[in-house]
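Here chain A shows up in two complexes: once beside chain B, once beside chain C.
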Partner chain A sequence: MGDRMTRVADARERTLTAPGIDGERVPMRDRSREEVDFCIVGAGAGGGTLGAKLAEAGFSVVIIDAGPHWDPTRDFVSDEAASHPLFWTDERISAGEHPIELGSNNSGRGVGGSTVHYSMIAMRAHPDDFRRRTILGEIAGAELRDWPLGYADLEPFYEEVEHDLQVAGPTFYPWGRRRKRYPQREHDLNACAKVLVEGCTKLGIPVAPAPIATLSAPHRGRSPCVYRGFCNYGCTTNAKSSVLVTYVPRAIRAGAEVRPGCMAARIEHDSRGLATGVLYFRADGAELHRQRARNVVVAGYAVETPRLLLGSASAMFPDGMANSSGCVGRCFMVHTGDQVFAKFPERINQYKAPPPGGAITEHFNRTIPGEAFVCGYTIEVVGPHVVDFASRMATSRGLWGASLRREMLDYNYWSGLGIVGEVLPRRDNRVELHHDERDRHGLPIPRVVFGYHGNDQAIVRHAVRQMTSILEAAGGRESWHADRTAHLLGGCRMGHDPHDSVVDADCRSHDVPNLWICDGSVFPTSAAVNPSLTIQAIASRTAARIRELAARRELSPHHGHAAPAARIHPAPRGTA
Partner chain B sequence: MSTFLGWNGLRWLNALTAIMVLLVMVDAFIGHYRSGFAVRAQYTPFLSGGAILIAAVLAGIAPHEGWALQLLLVTGAGGVLTGIVGAGYHHYYGITSKPGGYGWLLHHLMHHAPPLAPFALSAVGALAVLVATGLRGSGAVLGVPLRTAALCVVAVTLAGAALQATLLHYRGAFNNPLMYAPLTTPVLSAAAVPWLILTRGRWALLSVTVLFEATFLIGFVGLGMHLRGFDRMMGGLRVALPNVLDGPAMTAPALFSGFAAAGLTALYLL
Partner chain C sequence: MSGGEGDSFRPRYPGYDVLAKWSSPDWDDQTRDVVRRRIEEVPPIRFFTGDEAALLAAVAERIVPQPDRAAGARVPIVPFIDERLHEDRRQGYRYEGIPPQREAWRAGLAGIEATSRALHGRAFVALADAEQDEVLRRVERGDPPGDAWAGLDARRFFTSVLCETVVKTYYAHPLAWNETGYNGPSSPRGHVRKWIGGVDPWEAHERDARWGTG
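Moving on to the complex of A and B:
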């Protein structure tokens, strides 16, 4: 790494503490000097969930995250503008035919990741979502693949995560495979959700209560939601089942160290091509630190995960780690998140209550007969806060100055709907490293290239028509449309074929057997549902598989196995 | 007729009526205040309940005055009617007029006007009618002996209250095992009463007595647990008002105790 000093992290034994969820400090083990079983990069939906499960299984775990370890009782403010530190706003270059917006809508920074500010919609993907290639065949311009695992493989883990998060959902959910009842009951509807229910009922479109990972009843010292509506800016009441208040405290209790303020720079490997640890920068320091590990898990989400892999290129892995297939960074996807707003004669107060409002329709989440496109979308309720809403008014309707101010006086009378629309994977949509732009650590910044497939745009056109008619059926007027994307997926897809995918169904790299990827980047196709629950179910499954592999001594090839008992090994010092 | 602490069964029932109509009004006020008294009819339970309360107090002071008993009879009948009409209102405003209507029945039942709650006023009104009839010297209401009639009112009310409580506890995902309590002795009591009425057996009497006694106690446990429920809401009892408005029904569990006491009174003093 050039002329920078590389050193092993602080050699003194320290007792660490971490923020608890009720304002207290909780003790935490210092594992900076150990060669841990797992070093996980990223403490979000994938990394946080996996870390907790692995630590509870007895493995020694360090989770590093670039952002802070939030204290939910102090760090979250009910203020849109002051909440920007929750988003990953490091410089990135967005390019391509349809460059996407990066930031608040699709990334998180800090322990808990984007689950700290996500909208909590906890949906399962459907059986067909895992078999897109088989069902749809070859589609020109798209690179459809079946997932190497199916709904049946994930079902028990969906159930487990729903239980861990205490998802509040309807007694009978009309779409998808028959399922067990949600652990908690659905929330009441806010006014925007009532608009959706009323409009859908008038048009004969089935609509149901939305499953939301927010408590509707007390659970183990956490209180139910009080419907403040600042969910997207960090929940101050802990009703929101973010990874920060669910899995992270479990991980710490089970002996994991969660180390905030650590920006991963590269993954190290030895002469056999096995990962040996992670080099990272402390918040604003210029020195590199090393965390030695028998296994490395990358859980940085669909931009940062490919970035770290590509940035870890070496003489042995000239195209980046785990990239012999050339798939790292490729087939990057988003969800279309277009929104339609309409004005109502009565007050709506769209900011109140969790933004998903409490109602949802998956009626169009299927290939609709007679339409010229495949796949579909889910219609959800949205409730942007004032600044967010004003910026949409400005960008989508071109309002500014006096006209924007006049329109914003009616902020409380607008109600909106949004979609999660399926986007087909295209090989040209990619994350790559910029050839000369560097970030403050001197790491190459990622360049995100994106363009829609024609099918994606046909879905959006259909969705905008439907959302407009639903809003109008409910009595809305003056509707307008804001185009938007949400969620980042793909870039390190899972698959059976090592020449055509980055990881296998266990999220284990085909090339580097002790390197794992555990986040939304492993999705081969996007599925028109909010991805967090699927990411967490995959993380839970990966943890279960790792336990099985460890029990069979098939986990860590260079150490025989990484079972919890066998912790003392000579520390490998492989550097790239 | 036997007495307890100097009062006969009817006077005890009258006292229970007065206490319970107060409890019913407290919960009705919390619920109706929470919805902002948006419909004028939401004031009705306090007019009707208040009248029953006054009449019961007067009948307590002057149990032999014809006008007082007449007043209790009329207000009691008014309470029965108000409860029935109220249930209609709860049905209309809680389900029919809500988005999604009957397609979202379970949702509306859980989240909006509690469908069976108004019948609590009917039950208390029925007790008032029964007391007034008895104190005026009649041994039967609508041809049914007082004791049997009182037991029937108690059984039906306990069953209804258990149903309503279960619905709301289901909404709370039975987050505490004690939330299953309304499904235990209250339901068994309600089921055992017909057995007693039909067989008049010793075992039936013993069972109903024990079940009523247990239900009486469970009501108090419920009161305590509902207080704890407020405390488990955001901010706990420090922000009592919003948590009382949004939390578990404050006085509802006491109705189990009240009606169980009414049942015991009917068993042993009527």
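Moving on to the complex of A and C:
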């Protein structure tokens, strides 16, 4: 919704197209010469969702993303080894007492971000998850904080995102606040899920079908899941409600430009300390390009977001942008994602279909009375394909040689469980800029430092015992444990206190009022649920708050340009 | 961890050939393309020296032994690792203490060779299988003799670089899919019989030599 002057003056405006979701090309507005209302860095769960909502509210939006704009009908292959382009493979250094796996484990690349390969488990956080400091008090070695928003603040947005994604879930979900029914019916349980259900039932542990952001019934031209099982390598049939096929097309329809192949180098600011835009490299170019913007949103996930803020240091912001608190990059978290596998007498065929048709138990997602640790974990099913499974056998069990090949003959008889375990925030766990190593653009690469709190490890020990018991109760034998992590969180936490947090509850920087952060990095604590739904709910809420602030002319209070309050009329369909 | 020669890998799915599904609704064009290249266009050695390639081939044969296949019929391992290093295609992170991957592979292979000479006084490729396994186990445990491993964490190199890469390369090949009964590609057709013990007609069947393309 650029104003009329811009349109007339810009006679050379190119007509762009972007990949549609069915192999077609869709027209897209070129906004490279405009000063847009919002330049969003990163088209994943946070940036893609926010971008769509802002564009639909009438703001002019550009979303830049370092990776490609995937065409789901052509770019995804049913092959593990050939799927490496989906993952963030730029070098990062993993350090600390318990250095974590990055890359394909948790880092997406391209439009849609990690939602292109995520497991679609669409869980809400619970009311207590937002009040860890109040409930648990001070815990030595951890930096617990309450969130500046609560469950009630997010509840309508959880509902909205669940509707937008058409989450398929059980009629009755036994944990958390009472809620409306999921928009779509649950998927039929797969073999791995039946193992979990059988084991839990024998042990008296409540269990339910998992809520999954994948269609179980047709929706707006998208077909229901056919259970290919390649969810973690991109969905070729568009059943998966990734941001790539949901919010991104909405954003483009509403007039946003989604510009792939753009690696943000730094955020620019003026003499008043307000952000003025983003400098970025094209994928194969050495030249810097500039996108001017009245507001900048950083949505690069919990490694790249702190990296960009720290890399945007200037004379005015010597420790990086939005970092007067010193919190940028600090209290970086993951979830523990430990897995246990057991062998069964019947065919499981674990490659077949989890996560849709998965089951879940949140029975241990709470502080369990009588245990020597606080917080807990969720148990879910996992179904690694053959390359991934063999790699776990080799690295976790130390199997190699003839014994590896012999064990792998039983690949179809193994079934696995995995957790999403809460990890406490520790100040020393951090993302920082490497002191001398640079990427191909000359930007300092990130160094990720991580080590568990003793509480995190106590949770894992409990979880491994429980998962082993469940698998054995279901008839599994020869169980073994693979330690791993999932998700990336924290590093730019939200909070009320500008001295103790990076952004406020609206994801707005305390220091730079037209700089926003919208991804998993704003989590003050990790909550033992898959984070994407919460990231998207926060993005939806941020969009709603931005509309309110714009309507009150509080969006850019110190900015010379007219506040975009006059621009909040929804864009008519088809004007893009 | 390794057994001796002559280990048999019993064929659980004797009639199963994942490539027989090539023209079925389980394979789309883009997947056919990547698998065809993997089978037909084995890349040339461009990164490793001849000695390094021979050493890695011997190491790979201990990590994923293929005594059941003639030399020309084995799943190629070294060419795909070489291609990745030639293109310097990375995996998105490396542990502190491990140099960038090209350096790490050269240093790790040199370390294995030095460990072989320190333990047995001979080149790794000249050792008997059991001796080769002993060398690799010392590297795996992180206590290889000599100073060839200064600057490289031997245990991490073995597990997270060498072993993981060799294993992933082997199991990415259709021959490995056949022996494990892995369904392989599945687009656009997915699965129907998802329950315990359920096997779709186009999945790998046991003891059924007449298995077809469904």
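The working rule: the second predicted complex is superposed on the first by the 542 of 576 C-alpha atoms of A that agree within 3 Å, B and C clash if a C-alpha of one lies under 4 Å from a C-alpha of the other, contacts with A are read in each partner's own complex, and residues count from 1 in each chain.
The working rule: a residue touches a chain if its C-beta (ideal position, glycine included) is under 8 Å from a C-beta of that chain, and two chains touch if they have at least 3 such contacts.
Since we're looking at a predicted model, the values are computed, not measured.
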| item | value |
| --- | --- |
| Clash-or-fit label for the pair chain B, chain C on chain A | fit |
| Which superposed partner A:Val382 touches (first chain B, second chain C, both, neither) | neither |
| First, second, both or neither for A:Ala256, with chain B first and chain C second | neither |
| A:Leu399 touches, of chain B and chain C: first, second, both or neither? | second |
| Partner with the higher number of touched chain A residues, chain C or chain B | C |
| Touched partner set for A:Arg92, first chain B, second chain C, both or neither | second |
| Which of chain B and chain C A:Val226 touches, first, second, both or neither | both |
| First (chain B), second (chain C), both or neither touched by A:Cys39 | neither |
| Touching partner for A:Asn190 - first (chain B), second (chain C), both, neither | second |
| First, second, both or neither for A:Gly357, with chain B first and chain C second | second |
| Touched partner set for A:Leu471, first chain B, second chain C, both or neither | neither |
| Following superposition on chain A: angle at chain A, chain B versus chain C, Cα, nearest 10° | 90 |
| Minimum distance between Cα atoms of chain B and chain C in the superposition (Å) | 8 |
| Chain B and chain C footprints on chain A, overlapping residues | 188-189, 194-195, 226, 237 |
| Of all residues in chain A, those that touch chain C in their complex | 74-82, 84, 87-95, 99, 101-104, 107, 188-191, 194-195, 225-230, 236-237, 344, 346-349, 351-353, 357, 385-387, 390-391, 393-395, 398-406, 408-409, 411-412, 447-448 |
| Footprint of chain B on chain A - complex, ascending | 166, 168, 170-172, 183-186, 188-189, 194-195, 197-198, 201, 207, 209, 216-219, 223-224, 226, 237, 239 |
| Residues of chain C that touch chain A when the two form their complex | 1-4, 7, 9-10, 12, 26-28, 30-31, 34-35, 38, 62-65, 89-96, 100, 133, 136, 140, 159-160, 163-164, 167-172, 176-177, 179-192, 194-199, 203-204 |
| Residue numbers on chain B that touch chain A, as the complex places them | 99-101, 103-104, 106-107, 110-111, 170-173, 175, 229, 232-235, 242, 246 |
